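Please find one structure pasted underneath; my questions will follow.
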Amino acid sequence: MLILMQSDHTKAELAGVLKRVRALKLTPHVIPGKLSVAVGITGNAGALDPHLFDVLPGVREAVRVSRPYKLSGRDFRHEDTVIPIGPYRLGGPDLIVIAGPCAVESEEQMMRIAHAVKKAGAQMLRGGAFKPRTSPYAFQGLGKKGLQLLAKARKETGMPIVTEVLDQRSLDDVAEYADVLQVGARNMQNFALLKDLAKLRKPVMLKRGLSATLDEWLMSAEYLLSEGNKDVFLCERGIRAFSDHARNTLDLNVVPAVKELSHLPIIVDPSHATGVRARVAPMARAAVAAGAHGLMIEVHDRPDQALCDGPQALHPDDFAVLMRDITAIGAALGKTLAAPRYGKK
Amino acid sequence: MLILMQSDHTKAELAGVLKRVRALKLTPHVIPGKLSVAVGITGNAGALDPHLFDVLPGVREAVRVSRPYKLSGRDFRHEDTVIPIGPYRLGGPDLIVIAGPCAVESEEQMMRIAHAVKKAGAQMLRGGAFKPRTSPYAFQGLGKKGLQLLAKARKETGMPIVTEVLDQRSLDDVAEYADVLQVGARNMQNFALLKDLAKLRKPVMLKRGLSATLDEWLMSAEYLLSEGNKDVFLCERGIRAFSDHARNTLDLNVVPAVKELSHLPIIVDPSHATGVRARVAPMARAAVAAGAHGLMIEVHDRPDQALCDGPQALHPDDFAVLMRDITAIGAALGKTLAAPRYGKK
Amino acid sequence: MLILMQSDHTKAELAGVLKRVRALKLTPHVIPGKLSVAVGITGNAGALDPHLFDVLPGVREAVRVSRPYKLSGRDFRHEDTVIPIGPYRLGGPDLIVIAGPCAVESEEQMMRIAHAVKKAGAQMLRGGAFKPRTSPYAFQGLGKKGLQLLAKARKETGMPIVTEVLDQRSLDDVAEYADVLQVGARNMQNFALLKDLAKLRKPVMLKRGLSATLDEWLMSAEYLLSEGNKDVFLCERGIRAFSDHARNTLDLNVVPAVKELSHLPIIVDPSHATGVRARVAPMARAAVAAGAHGLMIEVHDRPDQALCDGPQALHPDDFAVLMRDITAIGAALGKTLAAPRYGKK
Amino acid sequence: MLILMQSDHTKAELAGVLKRVRALKLTPHVIPGKLSVAVGITGNAGALDPHLFDVLPGVREAVRVSRPYKLSGRDFRHEDTVIPIGPYRLGGPDLIVIAGPCAVESEEQMMRIAHAVKKAGAQMLRGGAFKPRTSPYAFQGLGKKGLQLLAKARKETGMPIVTEVLDQRSLDDVAEYADVLQVGARNMQNFALLKDLAKLRKPVMLKRGLSATLDEWLMSAEYLLSEGNKDVFLCERGIRAFSDHARNTLDLNVVPAVKELSHLPIIVDPSHATGVRARVAPMARAAVAAGAHGLMIEVHDRPDQALCDGPQALHPDDFAVLMRDITAIGAALGKTLAAPRYGKK
């Protein structure tokens, strides 16, 4: 922590700052400057709250020198986290692709699409049973029935299933069926839900909130890690900026940033990031080239009949072409599409 | 709904669009243009989902002509909603000020501040018992004990209390004690929580999400209204933009926009919008001048000891000056600070 | 400047940093921390470029402790700048209102509107002779002819005129006629133009760029001040954020921020900030309540025939109502609409 | 154009709208709706200005159905623009890489780096002679001397040179030396400069403004095309959003969007988009995978001594690795790094 005094601070105000630092059993270092004075602080075990100091008279600003997160950062754990999910491992050299429809709509739809994405090379299956919808009048998902259909698709194809948990009330049901629990963008700072998830011992995929900074995202991961759930991975799905040519602005820059600052795996969802089918493949390829550990992609064989987000769903044939392309791009970077690592689940 | 065809669409594609419109029992109107063709649709009872059409081949875009919300819009209810809260009425000509500390910290702190804000003219009392915090290591609130202290402050001062409900699990407790249930910015699209709140018959204050458009905000209000809870009001508290000179960017432009499009009352929280004490009063004055129905302001008599958001809390003396200023500004616009309307509660 | 070392920096890397600091004739202060080491620097006359240090191996970040601007900041000049413009003074306790049409369209239009805004109490007259337009096919202004019409309106009404300078080529012409040279939002970082303006001795109104931070804005003012043009004032006109309910997002928060950090006057343009007539008055009132030194407002008596921005122009009758309202709000804050101070020009 | 009437419009207001449409020699089509009425307009040659209609009483909104640009859009020219630059062609299947230092600093520096980037496979050379700097106290470039050094480097290496034109005054000089004239992000809407550039017959690289929408970007290209300069290409270099983990937010989504809507080539500048050396290569690879026609990359062999933007410059060795990687990624997508097409210039 570095405390910057106002240019017209008084001696008494500086003394007040030093007193507070010492009261916290920390050591102040006064650094005189041309226009003002700064006070460096040492001796703290973790990050300090700037508000301990910037509320004092004469203080212009308290600048955090350490990062606010611990367990999700590289300073406390240097090696990459690698998460076993069914027969796969996410976070290492393998590329993992999670594919499937936006929402589970019917048994027939789910089985058709599950087989199609498996054939094209996807390792895991997605599908929403509980859907967060902007409008109360929109399709809200099949609920528990959807979870059972996902489980049936897993049984038929052997693919682990990834599905969203919307609230505390349905958490137990979702946890019973899912291999990976997805936290959606709108729930990234639903701290009550995060605390409940932290107590489980199931992998959690934490999507980035539409207006979340990287620090805030890693702090939400910290909620999960701090209670002992180590199997957390991140998913970039586009942020909200002024751009109006796409549903969201995909922030691929965050992929190398996450890999530098955190040990947690990061994948990318180009479907929600673009909202438009024709741009899903370019952004999926770009995500792999940027170094993402995997992708999450919406696929539907009858997108014009989809109950949710049809315009962004890839047709299975286009998905197969994309899988071929990312295999080639991955190869150029020394990555391979994952095959099962340690035996069938 | 207006459907814009691509400039190189085929006759078959146009026929496909007309077929779908008619399949929905609606009427298509073909409008030939210089470069392309548009299809207007009439006959629909409510808003149509653009995705019913933009997934069809040959379609460039489906433009919504009606707004997506109904019950929260002026088209379905022209007169302003006025909400009785204790002896006050929010949404009419009166100015309502909700004031108090960020968090309930102790009985002594709560009583001191409650009396101070009442003396300065505030009508309602705020205080967080359950606090959403970016960091799992930060103070999370006193919980149920905090609610009981709020109730005690209400008993002593007669002020209705406004406090945040964080999750479904604590909802019953909060609803038992609070006069107004506050939904925080991070929960604006926690649809599960909104559905539960919609079943109550208590006023709900819905804060705007950090990256919520006006349509999304009113759609969240729609979740509450569509289940029968009519006593909903909105609270602008700053959005996330690129600006770095303040914690958030207060979007006062939204005040006249809400009043034009919706019948719901809107108040402004200048404390979270600025994050800095010295800017709270200017933004509070500006909010009143812009036409807000009220304000929500954080006040603390010992801000350097506050457990939460001390730097943005006004001292009671400064709050009293602000109350005098907004009384004068309100008078210039024909508004008065509310006094009890229909007897003590 | 504070240099933060990476947590795994080597002794040689730290030595390299100290060597560079001393090579610049500055003094390093090593501050050991729990996880890493920071180096404070003292002895510098002005702001240092962080890139002098963050390019060195082992350095995580170089944090600027001083602000990048000098002449536009309070540290170098504490008292408010007050700019004489014709018989008025901008930047002191007076409220100044600049009003008129978006563009000069004809002699008749200009005279009609000039008299109308004068009658309502405006002190200065605006009107664009050179118009920056997003489309090459839109009306680009009357050019020199427009300047002459503005001069004629000044002669008739006695009002100083404010008009935009678009480029270096038309600068001399505009400077010959205008009392205040307006730099538009799109030119805020047209440094070549700023350098030319800095050599003049005419007041400059510097609008904020659509995506300019406060630091960048004050740095652009610095271009003007550093060459000796002291009569600079700022104009907030809305920034670009994700919001879609208004043309721009008016950032009134920046008004108290500017007044805290800079001695330069700041006014607000609610017309461009909203783009919609019905929201101009609420935002104009809010700007005055927030503490702005003045307003710039578009007025047109036949807005449906305006060649530019008709939808945001106030009718003279509505403008007169607004003037009455801001007079009352100003009075509540101890401000008065300016009357001439030191005789007719 | 589609005109949406307010829900409470009067018959007289609707008649007024129809009258105006017919006065413009266009055809109105009334479309009755559940809540209101819409009026479609046909018969117009180009895009109509919405303000012709939304200023009329009773009108809620005028929605543009055609796009505002013509010459830069696909509707008026379907086939891709391919621009010959020296012995290369930009916009076709070839990948083009423009590399070099941020600023020309000295003859020795320029020659060293020119040879290094040529050896690694870059086809064109960049280097700023006139530099736009946020601060008036920062290095502003060598000016004409810099242009002469660039010309010398071209003579020695055979590489076409790309350099920025900052203002009208230096335009002739820059045009005399450069093979491609670069318009920087801050000048994207400097319409006076664009008009001057439009009269030249030299390729122009138009960078996207920090807060420019795709429509605005293509409208600025339209300024160039409408005066007859056909050789225009676009460069995405990051936009301004709330993210603070990188200097800018690279919007790769815009690459497929541009290719869909426009025939103009688009390249990506990952150096300014990230501002941090370690993220340049991931974003450069991603840009190629997303389908960009080329890259512009800053390279410096002594970045810690660079006078400008050292932290984002790649070392020549790292640049060579990147060239190898993008060759492999390009190959996976059927693209090859360009070799000269039609003989030495």
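Order as written gives the chain letters A, B, C and D; numbering starts at 1 within each chain.
In this text, a contact is a pair of C-beta atoms (placed from the backbone, for glycine too) under 8 Å apart; a residue touches a chain by one contact, two chains touch by 3 or more.
It should be emphasised that the depicted structure is a prediction, and the values quoted were computed from it without experimental measurement.
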item: For subunit B and subunit C, chains touching each; value: A, D
item: Comparison of A-B and A-D by number of C-beta pairs in contact, larger one; value: A-D
item: Whole-Å gap separating subunit A and subunit C, where each centre is the average of the chain's CA atoms; value: 39
item: Centre distance in Å when subunit A and subunit B are each reduced to the mean of their C-alpha atoms; value: 27
item: Geometric centre distance via CA averages, subunit D-subunit A, whole Å; value: 31
item: Per-residue multi-chain contacts in subunit A, two or more chains; value: 46, 211, 240-242, 244
item: List of subunit C residues in touch with subunit A within their complex; value: 2, 4, 7, 29, 31-36, 38, 40, 42-46, 63, 65-66, 75, 240-242, 244
item: Footprint of subunit D on subunit C - complex, ascending; value: 46, 49, 51, 54-56, 68-69, 132-138, 166-170, 186-187, 189-193, 209-211, 216, 219, 222-223, 226, 240, 303-304, 306, 309-311
item: Subunit D residues touching subunit A - in the complex, by the definition given at the top; value: 211, 213-215, 239, 241-246, 249-257, 260, 273-274, 278-279, 282-283, 285-291, 325, 328-329, 331-333
